[in-house]
Amino acid sequence: MGKIRMGMIGGGEGAFIGAVHRMAAYLDGQFELVCGAFNSDPLRSKKSGKDLHLPDQRVYSDWQTMLEVEAQLPEDTRMQCVSIVTPNHLHFAPAKASIVKGFSVICDKPLCLTMEEAEELQSLVHKYDCVFALTHNYTGYPMVKQAKAMISNGDLGKIKKVVIAYPQGWLSSRIESTGQKQASWRTDPKKSGIAGSIGDIGTHAENISEYITGLKIDSLCADISTLVDGRLLDDDGNMLLRFNNGAKGLMYVSQISAGEENNLQISIYGEKGGLSWKQMSPNSLKVQWLDKPTQIFRSGGPGLYPIASKACRLPAGHPEGYIEAFANIYSEVANAIRKKKQSGKVVLSDYDFPTINDGVRGMRFIYKAIESGNSHDKWVKF
Amino acid sequence: MGKIRMGMIGGGEGAFIGAVHRMAAYLDGQFELVCGAFNSDPLRSKKSGKDLHLPDQRVYSDWQTMLEVEAQLPEDTRMQCVSIVTPNHLHFAPAKASIVKGFSVICDKPLCLTMEEAEELQSLVHKYDCVFALTHNYTGYPMVKQAKAMISNGDLGKIKKVVIAYPQGWLSSRIESTGQKQASWRTDPKKSGIAGSIGDIGTHAENISEYITGLKIDSLCADISTLVDGRLLDDDGNMLLRFNNGAKGLMYVSQISAGEENNLQISIYGEKGGLSWKQMSPNSLKVQWLDKPTQIFRSGGPGLYPIASKACRLPAGHPEGYIEAFANIYSEVANAIRKKKQSGKVVLSDYDFPTINDGVRGMRFIYKAIESGNSHDKWVKF
Amino acid sequence: MGKIRMGMIGGGEGAFIGAVHRMAAYLDGQFELVCGAFNSDPLRSKKSGKDLHLPDQRVYSDWQTMLEVEAQLPEDTRMQCVSIVTPNHLHFAPAKASIVKGFSVICDKPLCLTMEEAEELQSLVHKYDCVFALTHNYTGYPMVKQAKAMISNGDLGKIKKVVIAYPQGWLSSRIESTGQKQASWRTDPKKSGIAGSIGDIGTHAENISEYITGLKIDSLCADISTLVDGRLLDDDGNMLLRFNNGAKGLMYVSQISAGEENNLQISIYGEKGGLSWKQMSPNSLKVQWLDKPTQIFRSGGPGLYPIASKACRLPAGHPEGYIEAFANIYSEVANAIRKKKQSGKVVLSDYDFPTINDGVRGMRFIYKAIESGNSHDKWVKF
Amino acid sequence: MGKIRMGMIGGGEGAFIGAVHRMAAYLDGQFELVCGAFNSDPLRSKKSGKDLHLPDQRVYSDWQTMLEVEAQLPEDTRMQCVSIVTPNHLHFAPAKASIVKGFSVICDKPLCLTMEEAEELQSLVHKYDCVFALTHNYTGYPMVKQAKAMISNGDLGKIKKVVIAYPQGWLSSRIESTGQKQASWRTDPKKSGIAGSIGDIGTHAENISEYITGLKIDSLCADISTLVDGRLLDDDGNMLLRFNNGAKGLMYVSQISAGEENNLQISIYGEKGGLSWKQMSPNSLKVQWLDKPTQIFRSGGPGLYPIASKACRLPAGHPEGYIEAFANIYSEVANAIRKKKQSGKVVLSDYDFPTINDGVRGMRFIYKAIESGNSHDKWVKF
């Protein structure tokens, strides 16, 4: 039935995450980029489209035009899904319009700027039966899926402790004042929302911890800081967590941990053993047991649950990385889009990618973490 | 000027390396798969083409037909390059025909079956001024390029010792007797040539050691073994090496090192320090110094030479893997193909990908290693 | 002037930490064990003394007798220092008596059971000018000292973030109910005090974080849990920390993190870079920089500050472990004891071992952590 | 029965290995240093004895005097064993005299200078029923013993491949010309014998490979080099190995691998899996399986064979290092000495320490490696 025709909003020259989305979409040969509105500056949008080998007429000067025009194209030509890779403040409007026009949507995280926006998108997605994915890409790693499967199968027994760390160091100085593009919008409340690091990476941490454990954060106690002078949003957050099964936990996210790259890691302990996964060595999952030798599960290696092994493209020892994990999200979305096209409907819970509900939960996490950071009360209910 | 139109020979359903070549070609959005002859069985070729979203008329029943028909298509439609991903014995004929017809060629390694074939291809490439690449993909890793640059810049001083290890374990038992496809042809002299492990992975080891050091193997002393009963080709090889600058070294390759995945690693020592790189943790390069603390260079991190940093797609801490390294070969080939198209000619030494000359040298390595393995003399001149 | 004559209180057959103290005392040949009261059961004490090759007459049935008798022995025969390696509730009385009788004291941690005891010991130590050491042994590691020196020299710039983790898993089930000796007293409030894991390992975490950073914990917010049913003391604690220079931090300690061994680790971030040390790989110190490649400092290797290099016994690559670090405490104590003997007095701040002041601070930490755990207020002032 | 009274020959101020032997002897409280001839300069010997807290009259000006005088002392006073920690050329004479006088002997490696000396010592040891140990200390590590036990129990199936690497970098430049003591004698044929690196570290590599595998090297093919100009002995050696069960292997040892510390490592592959051990991370043993997840065995952890677990002093996660492994040799020797004293005789094969036979085999290894290095024939029979 051909590749899925994708349009992109944002992601022009110099963008980081737009390029990642394209590579993730291209990797498995399931998507074809057919159009885009890559930049709010029409000339730069055109330039990007040309670099991406798009025909000139399908490079639009703004996303509104793109949605209008594409919706009028013949069904076998027009884009089928749109990838929204703009800064946070530019998620809501194009997402809403895309849903309403019947396009499938792949949206970068966090979902949007406010809880109100989030809830409106959630009801629209349900109303329009939209295939809507939010790219919490770290859950795309095979070893994350293995961890999830081991826990849901009870291999570790009841979960008692969860530790999630996500230190980065790239905002250790006030680089937003130098015009650095990635830093500028992420530290600007108008573009990023009420949170900085909590929204940018804290939502990933929240999402992956709930994805793997199958638990929900029940309450939290946060110390949210801006540790670089003059910065307008938080760049560091430390939290105590309590989960809905009684498990205790901690989370810390930081963008001022100088020298750290992108060191997301999670350790989860149950009655029988504990597991640890580190994003920067993503193809190994260490499982330590109470009474037997430690095991290392490996991408492509023996002993994996199906959800993990089917997320591997290569035999063990051929490292798969960030883009491959990201592409696992895209591929599952492709499956859902094809299913919906074939059968007119699709049950999203049959697919393994983050949905609008993850997006709403992430927005709630941002709100609750910031609320707790400002509170003298110890615990804030999630 | 649009994506580069690529055809593929081999790589149908169930193939390992064909899928890798496609992902590598797709990743950066530089290539478009437009046609293929994926399997010697026309029906299975058709099936594969359909799975790959190709129009039926450009899925061919054999590569001869593909080359004939494509060569007749309008210039803006016909394939521009061909990717040859068949077993070794099916490299020579399609490569030769493709060169002669003026297509650019990306060929899997080792180059072919015999030195005669290799030399014939070499002269054809030169005669037809063909953009010809051999996918010694491990040299595509950014940290391999950093190692090369550090050595060529003299950071380590004169090189004195080189150790290359390439253990795998997947052929620890005689799985070729079970019909396992990858094992079957690799252990069959008619399809693989005079060598098994020496050709399959030894050529990678030879290539990467010469690529990084800038040295040439001058002579070698090999113990070549078949350690699984009933196997027809070598599955293990140990060698002493002497390099053309006087450096000493060792290489071992093995496919019966049970439990090993794909553990290519290399350590190189100069007068001032030594570096170590491990393919299974490809984004780090460890450099140990005689008189100062060890350094870890990282993909996307600070302190890289340009040849390394331009091979990175992502900021440090976002792991890039095997496919990304493979895609670095493809992208450099794309640059060369575009340059040739634009200016009518191209100087391959301006580009950073393995060429026909690497292929010929790899074939010589196979011959010399096997010769040494059969010899009572200690040293065989390379 | 001969080895320093040491007596031991506790540490009989089956004890863990007593054997460690002896190995630490023996290692560098500075101490000679001359007497002991190893067990409250006189017969078992005798048995232990015999196993330790002590003459029968200097193996005492109780510590009171030992202190009495030894104090009467000729100066060149009687013990000079006493090592107290009993459970927590048996630290105070023998420590007090030893100080008063003029013996030097090496006491296991935590200092005692209550703040009152701690403060009384503190004034006695000062009054009697006692060489008193508390074995927060983890600060004895060379790379911990290197970390401390780097920070005090400003290599990392102002410190902004501190993360200390100390997970163990050995109390994941209620092994105290099986009579396991180490577990039994540590989970018994009468023997351990008001805290379990917080006292047993939390005090180490507190001590090492303040030792390395040179900062003081200013306030904390703790979630203290007993996650194994029926246990009488905490076995898990998570805390937010604020340091006296404005740095933020977290600490977690756990004895129910199933599968974890003794995984104390600390990461500290300043303006220019961050460092990480892991007790289970103690001979490496990883320093990540904002703008240059990561460095690995190594025990016995190049680039160390004197405080670190003099704590190494062996050339780099010859691993030194837990006992060696412990012995570094003992060796510094030996230096102080000799100095005091030679010159009649000693300035403890000239020596690098934990003192009574560290012990008092540890007791305060226990109190404040438990207080915070029981409080609805977010922050407790340290 | 008291500690075992030990004398030491060599090991005065500035010596490396003498201090190690003392720490190893002290650690477990089994040995008491009672006398020594620490230096060929009597004044420096006295000084060392004083530093070691020995009574002046038992610090001898030469080893001959020491052996004479000690042999005349009352049985409950005189030394029982002698530790010989001199350079290689000073092993034979004191060892011979000690054996003849009935002392137990602990001798550093390699055994001596020549095969003739080695064989003479071997017959003396047997004739005098001497408890004689050679400190191939690396076999003292618990995880080395675990590896040995796993192989002898058939856990890996038949062994097929063995790789031993022992790179160091400390002789990367000609530091012997600066008077560096350790380098000077090791590179001096008169003191070191016919080999440099091959004797100094190659014998360790040979010993550990045969200890773990239970196999014997059957033949070898060596490339022996002196890679630093002006040096008088080899500083680098690469070898192909064939073992007596048909297994293939490689060994390389180097002291010019700049930046390497003391990186002894060994990987052994059988039909069912492979194991890897690295001396610089000695408390882990990685076992990779053909068809199940990798396991990490840990010192003090679950799943160990008795030979390994009894070699651990501490619970898992409390690192044990080089001295502890060395002390395991000493402790086994202590057991043998006590047994012999108690029962008049001892069967050395009941004990787990390297003997005179290991010493003779090490000398043969040196001879054969050097012979092969000088030969044009490919294989030299061991």
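Descriptive notes on the structure:
Labels A, B, C and D are assigned to the chains in the order they are written; within every chain, residues are numbered from 1.
Everything that follows uses one rule, which is that a residue touches a chain if its C-beta (ideal position, glycine included) is under 8 Å from a C-beta of that chain, and two chains touch if they have at least 3 such contacts.
Everything numeric in this text was worked out from a predicted model, so none of it was measured.
Of the two chain pairs examined here, B-D and C-D, it is B-D that is joined by more C-beta pairs in contact.
Relative to the C-alpha centre of chain B, the farthest chain centre belongs to C. Centre-to-centre separation between chain A and chain B, using Cα means, comes to 34 Å.
Averaging C-alpha coordinates per chain places the centre of chain B 43 Å away from that of chain D. Note on chain placement: the centre of chain C and the centre of chain D lie 34 Å apart, centres being C-alpha means. In chain B, the positions touching at least two other chains are 260-261, 287, 289, 294, 298, 301. Listed in rising order, the residues of chain B touching chain D in the complex are 156-157, 160-161, 163, 165, 167, 169, 172-173, 221, 223, 225, 227, 236, 238-240, 242, 248-250, 252, 254, 256-261, 267, 269-274, 287-290, 294, 375-378. Within the complex, the chain C residues that touch chain D are 1-3, 16, 19-20, 22-23, 26-29, 33, 52-53, 168, 170, 260-263, 279-283, 298, 300-301, 313-324. Partner chain B is touched in their complex by these residues of chain C: 287, 289, 291-298, 301-303.
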